[in-house]
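Order of writing sets the chain letters: A, B, C and D. Residues in each chain are counted from 1.
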């Protein structure tokens, strides 16, 4: 089997141990940074934190089944850590059992930004409001002044969406959560809409920055819009036991 | 076509006008209270408020396509009101275009409670906490002390779930929102889980009352559980234009 | 010095150890239940949980400086526990350094309910809304439908007020927090008003129960009102180091 | 009497009408922009929106009693508008009845930033977290990762604090509300602390910008701190009837 290994620079020594282990059971190619070539492998092993995972899969359309050796803080995508990866990794590659998780994509100024966690549209000037008009399949559901707006996947619901007051979404659902950041209004609610919907967010008042997974960004002008919908390219992660229970525990550990 | 007309006592005069209008275009049978016989009709017309709708459909498994002439306050299920029902009702019965909406059911002490909006499990003693253990498909996602717990459908997300701080859910999604009532803890979030899941809520500390749509209720003892899942019997409402936009407007009007 | 010792039945053995210790340094009178006679002592020692403290001081107008040996779960009022009370208690009685904390009182149907934590006005019928009109010094600040309304002291802000989404209030402030319980409205906020204000809460729609500190209660009818204001009789607790830091830690431990 | 008139450029024509009216009853000096000279007048009339008021008083230590003719959107500080200012302004200047409102000041890198609404400490890089350590009189009450932190006055509680989920504070109280912006944690609460306290906010991880009333700002580095406390220089506004009721209405109008 052809396996690709990608690692975060600061985790080089763990990556080296993972490489040596993998060589015994498969064919390994090592990448020290994300690459579109990763698409061509049968499995992907990432050594790093949640940020490394987000950066790596952002470059790839057809993500191979992925195993994460977590060396970071939160590790929401983690399968194992530097101490216990051997057994788990071997079993994963043997069984090749994985789950698919919805990603979203934002069309901005003709470009496409793909995201595993969320697309956020944020004011470019700290403490200065944007005005949003949000339409879902052409129906106006929200007009609001706020510092920003988060469009999150179920898997991303425990990231920036959580910070903005959004709910936790079962990754089995195909849905997008729409949550404003610091809305200047007495009342508002997050909306959870079907992954079959097309969302259009128009901004007014000043420049905004559209950010995918806290990584890539594009600046837009007042009057411009962002279109958000489900991507045709899900992410594949090797199976973990009791994913909901793990999510529940991870968010409790955030401090 | 065989149409059943159900009405709320206080709306008798509106119901009489609706009856006379219906007689011109169909065969009408009038019911002054909910009945299981309603199942046998081709269409159902309800004259009353949201409470009348909840009470009426609670009695029926196979709900015929339903049209609501709202005479109440909020009217989240409303198709028309006493002034403008004629055209809308005629068109609905002609086209017979309807949408199906998920209901949930709670298994409690061997009985089944069916709900269009929500099943709530509430402390029986005002200001005295319950303790909940919530499992989803056997995974423990929440252990919390609170006054209660709401299990809401998407359509019910703007009812008791909204009061308890829950998000608004697209009725196109098949999902259940789990939201605690006055949880005695610094941090918690509503969970939105797939309609394919089975939820088990075990209570401790004291008696609780399980309420379906604010109507029917069963008392349970410490140590007992409630099982919540999607019902096989959805509700059918005649189509309305821009349902999401209407939901957005309705919740803004709550005062 | 004349010291009164009050204890919770379940903590009798700890109370007995505290009594023996106290006898070496003062004159002790033991009470197995709350009593108005406690007013006449120079210091009060309570062995029990937060509930025991609330029940005990509710009976007394002029509360003597109080020391709490916590045998309960949360222990927000705790000075020491069964293992480490000796030194702390001795120092407290020597120095007699205490702090005063605001209480509130509710005038209901001619009676006065005094509360250290909160006065709550709750629906008497689970899942059935009340309607509230809240006036502060004659100014209408809130009209809202909800399951209830909490009027909390700063010290009580980490109790029922916290469950209902209210902020944490510095006990150095003389203020009342007004927080609705499950308000049926998109937007609302807790209000923090000066302890010099008089608050009037009028209920409509159905019966409500007015509860002081989860202990005493009075039922009121639709159209009736509750007047809430600062009590002339504060509570006195022996000094603790870093009270704010302790509050911060305690609320984090709630699970 | 010597009255100063300050106006926002876009409201020049209204300002001209106010000037002509004032000339009949007092001595008027016109300023087209904020100035420290305003301190020397007996009364101040501002024609503009809430932003104009914030900018104007930020320049002045000893603020004379101030009357606001609102030409802006929200008008939380408004006494009158372009249509009805004559009577109200005349009565205000006759009676000279005013109320004082607490301001806060932030010590940052040796400079002082004064604020009527709030001091906010915000991440300089959109979507990148800061880490905060918040001490109140030397007690550590909060360690949290977030996009920012708001320190608000009671009068400012309906501004940025409201957007971040904070409570509404009675302007009669001398208090500071501490509210995080998009905190990456399941649980947190706003804190309302006495105006007698000294608050210290230390930031980590990356650069932050300290902003007073959305106007003036200073950039700080990881490891640096901001000290926030009550200013010795309150603001004086001419009296309005039913201030709490007005606040309640204004926040409801935010859309």
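Methods note: contacts are C-beta pairs under 8 Å (C-beta built on N, C-alpha and C of every residue); 3 or more make two chains touch, one makes a residue touch a chain.
The shown structure was predicted, so the numbers you read here are calculated from the model rather than taken from an experiment.
Participant: Hey, what chains does chain A share as contacts with chain C?
Facilitator: Chains in contact with chain A as well as chain C: B, D.
Participant: Between copies chain B and chain C, are the contact residues mostly the same numbers or mostly different, with half as the line?
Facilitator: Looking at both copies, the contact residues mostly coincide.
Participant: Could you give the separation in Å between the centres of chain C and chain D, each centre being the mean of its C-alpha atoms?
Facilitator: Here the centre of chain D sits 34 Å away from the centre of chain C.
Participant: Where the CA atoms of chain A average out and where those of chain D average out, how many Å apart are those spots?
Facilitator: Between these chains, centre-to-centre, one finds 38 Å.
Participant: Which residue numbers or ranges of chain C touch two or more of the other chains?
Facilitator: 162, 185-187, 189, 251-252
Participant: Can you check the complex and tell me which residues of chain B touch chain D?
Facilitator: 185-189
Participant: Note which residues of chain A are touching chain B in the complex, please.
Facilitator: For chain A paired with chain B, touching residues are 136-137, 139-142, 162, 166-170, 172-173, 175, 177, 187, 189-194, 196-197, 242-245, 247-248, 251-252.
Participant: Mind pulling up the chain B residues that touch chain C in the complex?
Facilitator: Chain B residues touching chain C: 120, 122-124, 126-128, 143-144, 146-148, 160, 162-165, 181-186, 209, 211, 214, 217, 251-252, 254-255.
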